[in-house]
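Next come two complexes, and both contain chain A; in the first it sits with chain B, in the second with chain C.
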Partner chain A sequence: MALATPSQSVPPRRNFSWLHSPSWDWLGLVPFLTFIAVFLLFPGLVIVQRSLFDSEGRLTWQYWQSLSQAAITLAYTNSLQVSVITAVSGGLIGSMLTWAITLGGLPAGIRSAVLSFAGVAANFSGIPLVFAFVALLGRIGLLNQWLRPLGVALDPQVFLYGFWGLCIVYTYFQIPLTVLVLVPAFQGLRREWREAAENLGATSTQFWLYVGLPVLMPSLLGAFALLFVNALSTYATAVALLGGVGQVFAVTVVVANQFRTDTFGDPGLGYALAASMILVIGATIAVYMVSRRWAEQWRR
Partner chain B sequence: MGGESTGKVGKLGIPTRFWAWLWLGIAAVYLFLPLVAMVWASIRSPTGIRLDAYGEVLRAPRFLETFGFSTQAAIITILISAALVVPTAYWVDLKLPRLRPLVEFLTVVPLVIPPLLMTFGLIRLFNNTPLTNSNQGLYIMMLGAYVIISFPFMYRAVDAGMQAVNLRVLTEAAQSLGASWITVLTQVVVPNLLVAILNGSFVTFAMILGEFTISSLLNQPAFSPYMLDLSSRRGDQATALGVISIALTWGSISLLQLVGRKQTFKG
Partner chain C sequence: MSGIPMNRRRFLQLSALANAGLMVWGSHPLLAQGSSALPPPPPPGPIDLKAAGGMDSLIAAARKEGELSTTALPDDWANYKGIKRVFFKEKYPFLKHNDLTPDASSAEEIEQIKANAGNKGPQNPDVIDVGFVWGARAKAENLLQPYKVATWDTIPTAIKDPDGFWYGDYYGTMSFEVNADAVPFVPQDWQDLLDPRLKGMIAINDPTASSQSTHLVWASSLGNGGTLAQPEKGLAFFKELAKKGNLVATSYSPASLVSGELPISLRWDYNALANRDNNMGKAKIQVVYPKSGTLAGVYLQAISAYAPRPHAARLWMEFLYSDEGQLLWLEGYAKPVRFNDMLKRGVIPKALLDRLPAADVKVEFPTLEQVQTGLQYIRDNWVKEVGITYKS
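Now for the complex of A and B:
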């Protein structure tokens, strides 16, 4: 179709054919590409480059090695754990919700309502989200008000302002993100497969074990990768919930602390830390892209 | 999709539907209870329901300042973003379809590169230049970062709008009538993509109103950093402000979905 259209319909003025040859068309992208380069590409490259070269321009591993100090490994370990836990918890609730609205036989209105809500809630992070959870689980929060008649008082210092607090709050935006990512995959589970399995005498469990889950597996893996990156990159939510203490639990808060003052008295450390995050995120996104290609084989 | 429905599905109908409602309920509790608690916290008082916190916070001069600041930044961002994305997407569609995957990829990158790292790189890249040594410079840097994070949404919206109308044919029609590129862009492309651009604009607006990382790290007096700052002094007011900000962002996104739906009905 694209091949048929050009040449004849060109206006008569267009006989400066050298000007319109393909080699000049890319000029139209210059403003956009320049913007991307200045504000996205170069900042990223600067991080990677300066994590590997010292101020005199010599290649060095010293900054990357300084990542092994206790404060950094603690933040990293906690961050990775929070990311895995919330990718699993948010992924689980999100997958079941996706299943409920696609194959669970709920009224059609509910599906579109959940999808609309998911589109909004997936972007709901940061300050107001933390306010909401403090209003629910905080010292004078709704939960404690409900429990008061029973003589129970939960101490939010234990479960909200720390590792588990991050897990609880992050799970909130992981659920709708899972829905958005997985709905196409669940819709791709064809009814014929289910019917074929049932006609052959398969139980529901057998269907899911031998057909449903294997077909969904690449999509689930891809969703997991995306959720993992999403949690690992979260900064606003962590700092709103934990403030400065956040640097024990979130590696993003450590990076932010490197902004104005080099907290650890080591300017290269900030670069190495940021570069290591880019590395982890890049690797995880590669997993996501591979899994997506793998998932497409079922959607022909 | 195309398969004919048989009565067989109903065999497991009742238990399936029960589990579906159960999981919907679990998710609904997780997603709605915090919001309910937040609204409740913003209006409760020892003597009953009071809306004082809302009145106080809306009258606070700092609220108007920061809200105005973020609104202005959002509008400028939307204008720059649309001015970059619309011609680019159009040009790729028309002239460079082979570069489409590259441009698409570049617009999605900001979704996975955290704003934190982008800002960190920016501030170190332009260290000791006018961009970091003055407040105007930091403001420009913030706008640049905002435009970058708006790209995924703006591009997707504009690209989807472009697929819906056949701009190639419209362009050729306009050109054969003797229209210049500028005329084509302003008289043909933009009017046909207006709803799509509005879509992208609403999301961008909502996102920038709630944006915290970039503005706080660049020391800009934006809305979200103010909200967090307020929470350490006046918890009730901050919570009321949180409710207002959610209502605004979710309202603007719902408006978008309404506009989008109208558009599809017409088409």
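Now for the complex of A and C:
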């Protein structure tokens, strides 16, 4: 058969079209979605559910209503304040550091040193972190031993064991976290844009105002939201530094105290409080997404 | 609900819908909580050693089970390190020890029982050691099973359940733990703690979380001629301590007491004395009973209703309440509940008696009812009265 000859010279094409059907594309999502469902959605639902039903299984609003008591609102106010303050302080210092090691043109050695340090320090928290700060700022800490010959004494109850102590200690891990999040964004700010702006006669201020910040803004907002949520959800560091008094300053400590107790806990209140934190974090993400959309308007 | 611009009818419809949805949700077995969701416990076993067929058959039955799961027994608390060693390594080496969560709180122990109800694995605790208030509550929730050890009659009646569901095990006396090297003077009574020279030196654990710390706040109500019926006096005292800056807004740690950073705390004498012994040569720790009086606090033992290894659990109880087990607690300065009986019979070695510090002050033993109201009051009001003092 003459017609068959040419087709025999071409090797038969193997058919992979089944791999490209959309139903198989979803397969990659399955393990991740299962993971999220089991370890995030289900526990989240259980928290919400337990905040709404008493131990007899009856629907009740009492746990949510008890969130309005003075001690809880005080904890929330302080927690939100600490989160905003350390998101700003950590964010500012971290942004400056990121700028210095990326666009600032510091030697490559410093840059990689800062990056390795950031990777470690961003995860430094809890008892070891607090121990380090007590050794530095404590009543008989290093700083006070150095200052003693000068007749000066730092009061640890002002700078360490309290609201401002919490801010200082949190800032320690907020700075490196900012660096880790922002380095890729700052690296994306291309040198050519700067040169183009300069060629067109823009001043440095004008470059940052009209080019640099608008490009970075979505990343900065994202970093701020992350820092805020990071501070709000910190538990180990707060309880290691302030112990039981931490419940005046950190909502997470109040939640934990309803479950970790030798005497009388109020698990219903704990679940309601945890569920309210989920709401706050959800609201933070919503605000972030709206503000990000606003910040990206210029791109459209 | 006033002020919401919604038609009343529509609102009722919506909330009925929401309620119905939540009801279905709430009845889901995986999501449901509370004792109603627990499987029924197995029937309780023999009530005492006689019913169990004597010591030999109890040991044989325990040997068949082969292991025992304990929970919340820290090595550095009441000589549990020694007790665990003698029981599992020396006396009954055929029992594998599952030393669950040594630092758990009483609430977590109860949660472990609930979470593992019906589970036969090693993660299900067979026995618990919990704060005094938990006995009656866990019994009411059907989480315990009764057992009366051979020495049952010599346990003081006031600190055991008449039906054998729980039994006091040891008690401590609230004391000052002071690093004498790091303080201008060693406080001898409650009022001494208010001295301005002790500013920034006192640290305690969370009175809303640790039974020991709730008790210490309560004990301080004895300082101004108050009684145990007036826990508010204790809170007022601690408010004063906080206002003066003597009480630091942080928690106690043995390391910071030894280093001198926070040289004063208030703890059960057995914990303070153990810390003193452990740091001999590093710091001069003194344990002081406040002159104007202090209180004693009892913990208790119980067997879980769902214990997968009930015979090993009963064997553990027989050991703890034997003279041998009781003396091991005493070695860790925790006063065992059968102390008076053993003293009368002269079975406490003189060396052990001589080690005990003289508590030559008035020590009050609160009743269960007093403990419940006193601790609840302090827990409910600690943040409102004292915590708030640290407001930024």
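The criterion applied here is as follows: the second predicted complex is superposed on the first by the 225 of 300 C-alpha atoms of A that agree within 3 Å, B and C clash if a C-alpha of one lies under 4 Å from a C-alpha of the other, contacts with A are read in each partner's own complex, and residues count from 1 in each chain.
As a working rule, a contact is a pair of C-beta atoms (placed from the backbone, for glycine too) under 8 Å apart; a residue touches a chain by one contact, two chains touch by 3 or more.
Everything quoted here is computed from the prediction, not taken from an experiment.
Which holds for A:L200: it touches chain B only (first), chain C only (second), both, or neither?
After superposition on chain A, A:L200 lies in contact with neither partner.
First (chain B), second (chain C), both or neither: which does A:V46 touch?
The answer is both, since A:V46 touches chain B and chain C.
Counting only touches as set out at the top, which of chain B and chain C does A:L150 meet: first, second, both, neither?
Neither partner.
In the superposed arrangement, does A:Q247 touch chain B (first), chain C (second), both or neither?
Only chain C; A:Q247 stays clear of chain B.
Looking at chain A, does chain C or chain B touch more of its residues?
Higher number of touched chain A residues: B.
If you stack the two complexes on chain A, which partner ends up touching A:A108: first (chain B), second (chain C), both, or neither?
Neither partner.
Touch test for A:W164: chain B only (first), chain C only (second), both, or neither?
In the superposition, A:W164 contacts chain C only.
Considering only the touch criterion stated at the top, classify A:A70 as touching first (chain B), second (chain C), both, or neither.
Touch partner of A:A70: chain C, not chain B.
So, does A:F259 touch the first partner chain B, the second partner chain C, both, or neither?
In the superposed model, A:F259 contacts both chain B and chain C.
In the superposed view, which residues of chain A touch chain B and also chain C?
45-46, 50, 141, 239-240, 259
Residues of chain A touching chain B in their complex?
So the residues of chain A in touch with chain B come to 2, 5, 9-11, 13, 25-26, 28-29, 31-33, 35-36, 38-40, 42-47, 50, 93-94, 96-97, 99-101, 103-106, 110, 114, 116-117, 119-121, 123-124, 126-129, 131-133, 135-136, 141-143, 171-172, 175-176, 187, 190-192, 194-195, 198, 204, 229, 233-236, 239-240, 252, 255-256, 258-259, 270-271, 274, 277-278, 281, 285.
Show which residues of chain B lie in contact with chain A when the two form their complex.
Those in contact with chain A are residues 1, 3, 5-6, 8-9, 11-13, 16-17, 19-21, 23-24, 26-27, 30-31, 33-38, 40-42, 84-85, 87-88, 91-92, 95-97, 99, 103, 106, 109-110, 112-118, 120-125, 144-145, 147-148, 151, 168, 172, 175-176, 178, 206-207, 210, 212-213, 217, 224, 227-228, 231, 238-239, 242-243, 245-246, 249-250, 253-254, 257.
Can you name the residues of chain C that touch chain A in the complex?
Touch list, chain C to chain A: 19, 22-23, 25-27, 31-36, 105-108, 111, 130-131, 133-134, 182, 200-201, 203-214, 245, 248-252, 256, 259-262, 375-376, 379, 382-384, 387-388, 390-392.
Applying the document's contact rule, which stretches of chain A touch chain C when the two form their complex?
Chain A reaches chain C through residues 45-46, 49-50, 52-57, 59, 70-71, 74, 78, 81, 134, 138-141, 155-157, 161-164, 239-245, 247-249, 257, 259-265.
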